[in-house]
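Just so it is clear, A, B and C label the chains in written order, and each chain counts residues from 1 on its own.
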Amino acid sequence: MGDLIELRDLKKSFGKLEVLKGINCGFEKGKVVSVLGPNAAGKTTLIKSVLGMVIPDQGNILYKGELVTGTFEYKKHIGYMPQIGRYPDNMKIGQLFEMMQDLRKLKSDLDTDLVESYHLKSMYNKTMSTLSGGTRQKVSAALAFMFQPEVLILDEPTAGLDPIAAEILKDKIMEQKNKGKLILITSHILTEADELADIVMYLLDGNIRFYKPIDVLKSETGETRLGKALTKILAA
Amino acid sequence: MLDIIRSKVLIAYTALLALISLSIFMSDADVTKGLISITTIVMIIVPLVSIVYATTYYFNASEFTELLVSQPISRSDILWGKFIGIASSILGSYLIGICIPVALFAFSSTGLMLMLSGCLLSLSFVSLAFLASTKTRDKAKGIGMSLIIWFYCSIIFDAIVLLFLFSFSDYPLEKVMIALTAFNPIDLARILILLQLDISALMGYTGALYRDFFGSGSGIAFSLIFQIAWSVLPILLATRTFKKKDL
Amino acid sequence: MKASILYLFFIILSSLTSANTITVAQKGRINNLGKAIALAKNGDTIIVQKGHYPSYNTIINKSLTILGKDFPVLDAGFREEVITILARQVKLDGFVIKNSKVGSLRDYAGIRIHRTEQVHISNNKLMNNFFGIYISDSKHVSIYNNSTQGTNSAQNSGNGIHMWQCQDIKINNNYSSGHRDGIYFEFVKKSTISNNRSVKNLRYGLHFMFSDDNLYRGNTFKNNGSGVAVMYSKRIRMYNNLFLENWGSSIYGLLLKDISNCDIKHNRFIRNTTGIYMEGCQGINACNNQFLNNGWAMRVLANCVNGEFTRNNFTANSFDVTTNGSLNLNNFNNNYWDKYEGYDLNKNGIGDIPYHPISLYAQLIEQIPQSVMLMRSFMVNLLDKVERAIPSLTPESVKDNHPKMKPWEI
């Protein structure tokens, strides 16, 4: 019961396509969970359900043991970094940050580490439409961490970032993990998952194929690299 | 609550409206004729731009909307924030582009009605745009739907009414006609202006029901109430849909 | 000529022989008009002091000048007529004349003038009479500066100023309201009606029946059951009048029925349901008129012939011209039409392509009046545009070959 987030029998289908076929799982604090799976396995849908962006057909989402399906208050404990961050073209970075702060009614006690390490302050007056994709990702990342949430949900966080920025982000993720935050990451890059994750959740056709700590996985298969370990398990 | 957008499209729209009204007033000494020309144009352009702009904006901002949904804020607040943002900017354009020139050059009861009904028309079509947007998933479909709504309201509806009149001209259709107009926000706006502009002709109608409708304030009240309904109901429906929508 | 010399002679004669003035006062020795008339002889003056006098059909049968001071009231208490003038050379000035009997058998009037001439009625206020001033079989009567307020009831209402079989009448600067017809002419010739106002009369502001060679000008007809009706008459000249807000179904600014050789010039028709309605008319010449904000500027039925409609301004009317047929024998030329969309390449102020004043929608609304709801819709505009480009349903013959680009100064 120590789970921060718990999913109970989560089902979702789009039209005829069943995307989630009854997901049951819990996410503990202080862990980095990597959600893996082939395309169309339901990774994004799962994350979006947790975020309340997709409304599940059936099942419940619990935050700290409380039912939160269909509510929005719990989202203040979640920081989300989308795969592709798109913002209103005419908005400036500074305005965006300010607006988000208004939205969360949180002005002080902000975590601005990423804003600083990405040098975003100097670009506060640039409008979103002038930014490169990478810079926008930086903005998204900075936003996700800004409000010191209990839970971080990062959708392909390093995609589109330059290697240095990616390293900064990884460091940030580890730091947060050590502070006892729960971090959910979807990623296609297995080495990255290998590097960051404590636990791997593998989705296949809307079901959890397995959900195991990474070291258990490695020792079960006798492999040292996650990629190898995965292929071995899936082949079995 | 949300951003007020400084967009090129809106500036262009404002400029277009201002250009139309100013050029009409400048080129024509006769103010009433000017008002008639503006009315004709407003009845086409305002709904079209309102609905297409609102729909486009809605879909362009859809990723950002997703981000907002992940924030601790209720979905209806997000949608209403967007609605207020877009509606106020469209209204702003209309106020600057039409209302100010009309107030300057042709301040009269007709002018006033043109301002009022144009504002309500803008609102109802932004509202309809939101309904169309929340009901569809992608931009192309959304804009398609908006265009159909516009096309339906500005031409098809009237054509159907006309056909209907042709085929049933032997029956007393007054009540039906009045009821029918309530189904089209453009017709409602048009009748509001008609009641000012063509009251002489309207008073010539023989049927007692029309006479009451046109002659007393009830026609104006009727049109206003239904125009407001057209502004409010679609966005309420859109809110209901949006609350249940997967993004 | 002979008669007028005789008349002059008579005036001089009477002024020489008598100059008596009789005063009527409420508490005086002579306390009503009837007594004064009985005492007076031709050419005397009667002055009536301020007060309230019953007057049950007081008959004036002598040539008298009767002046009211500070508007004395002559009241018939709904029992009779108020005053009847049977003598020639009577002047009646400055009275309030009210409460004549209302009846369906006889036309009771405030002032009745019968079979006489040289009568002058001025500055009176007539109130609540069945008929206001009723003139029959008379000539050379002038009616100046009076106001007459009728009973305003649909069943029991006579005409404001009513004439029957008269000629050479002058009606100037009067105000008539609440009557059946404001001013009514039947078999009246060679008379002039000028600068009067007829407002809110139940039927017509001014009504001609079988009356030829009359002129009316500078009058205002507002809010009547129809502004003016001219019927079965010839050679009526209508100049400089204002027809305003005569509203309602089958209500017209100017209604013309079976008349011939009439001129309609320099009039203004503003906010009437129909500006001019014509039926069975021939030789109507309407020019330099202003049609503004009417529902239908002109409705000309197909049985009208030889109409000339030139140099008029048609502005902001819902419909310019409608008809029920082809209007072959009428001519529209050189008018200003605000709906004209043609061009003037040679800059002579005249449009290069003809204007067709009858729109498709106007024809449509004739057939299906309910479609009035669609007025000014995009659909209707579209239909009209198409029809103007390729006329098929509207009469091709009705057109203005030389439409003016700018309105006439009128």
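Observations on the structure shown:
Assume a residue touches a chain if its C-beta (ideal position, glycine included) is under 8 Å from a C-beta of that chain, and two chains touch if they have at least 3 such contacts.
Given the structure is predicted, the values throughout are model-derived calculations rather than measurements.
Taken as a contact graph, with one node per protein chain and an edge wherever two chains touch, the assembly forms an open path, each chain linked only to its neighbours along a line. For subunit C, the chain with the farthest CA centroid is A. Chain centroids computed from C-alpha atoms place B closest to the centre of all protein C-alpha atoms shown. Among the chain pairings, B-C comes first (most C-beta pairs in contact).
In this assembly, the C-alpha centroid of subunit A lies 42 Å from the C-alpha centroid of subunit B. Per-chain Cα centroids separate subunit A from subunit C by 88 Å. In this assembly, the C-alpha centroid of subunit B lies 46 Å from the C-alpha centroid of subunit C. Residues 12, 14, 48, 51-55, 72-76, 78, 80, 82, 84-91, 95, 99-100, 103-104, 140, 153 of subunit A are the ones that touch subunit B when the two sit in their complex. For subunit B in complex with subunit A, the residues that touch the partner chain are 2-3, 5-7, 60-61, 63-64, 66-75, 244-247. Within the complex formed with subunit C, the residues of subunit B that make contact are 30, 32-33, 36, 39-40, 43-44, 154-155, 158-159, 161-162, 165-166, 169, 173-174, 177-178, 180-181, 186-187, 190-191, 193-194, 197-207, 210-211. Residues of subunit C touching subunit B in their complex: 245, 247-251, 271-274, 293-296, 315-316, 318-319, 338, 367-382, 407.
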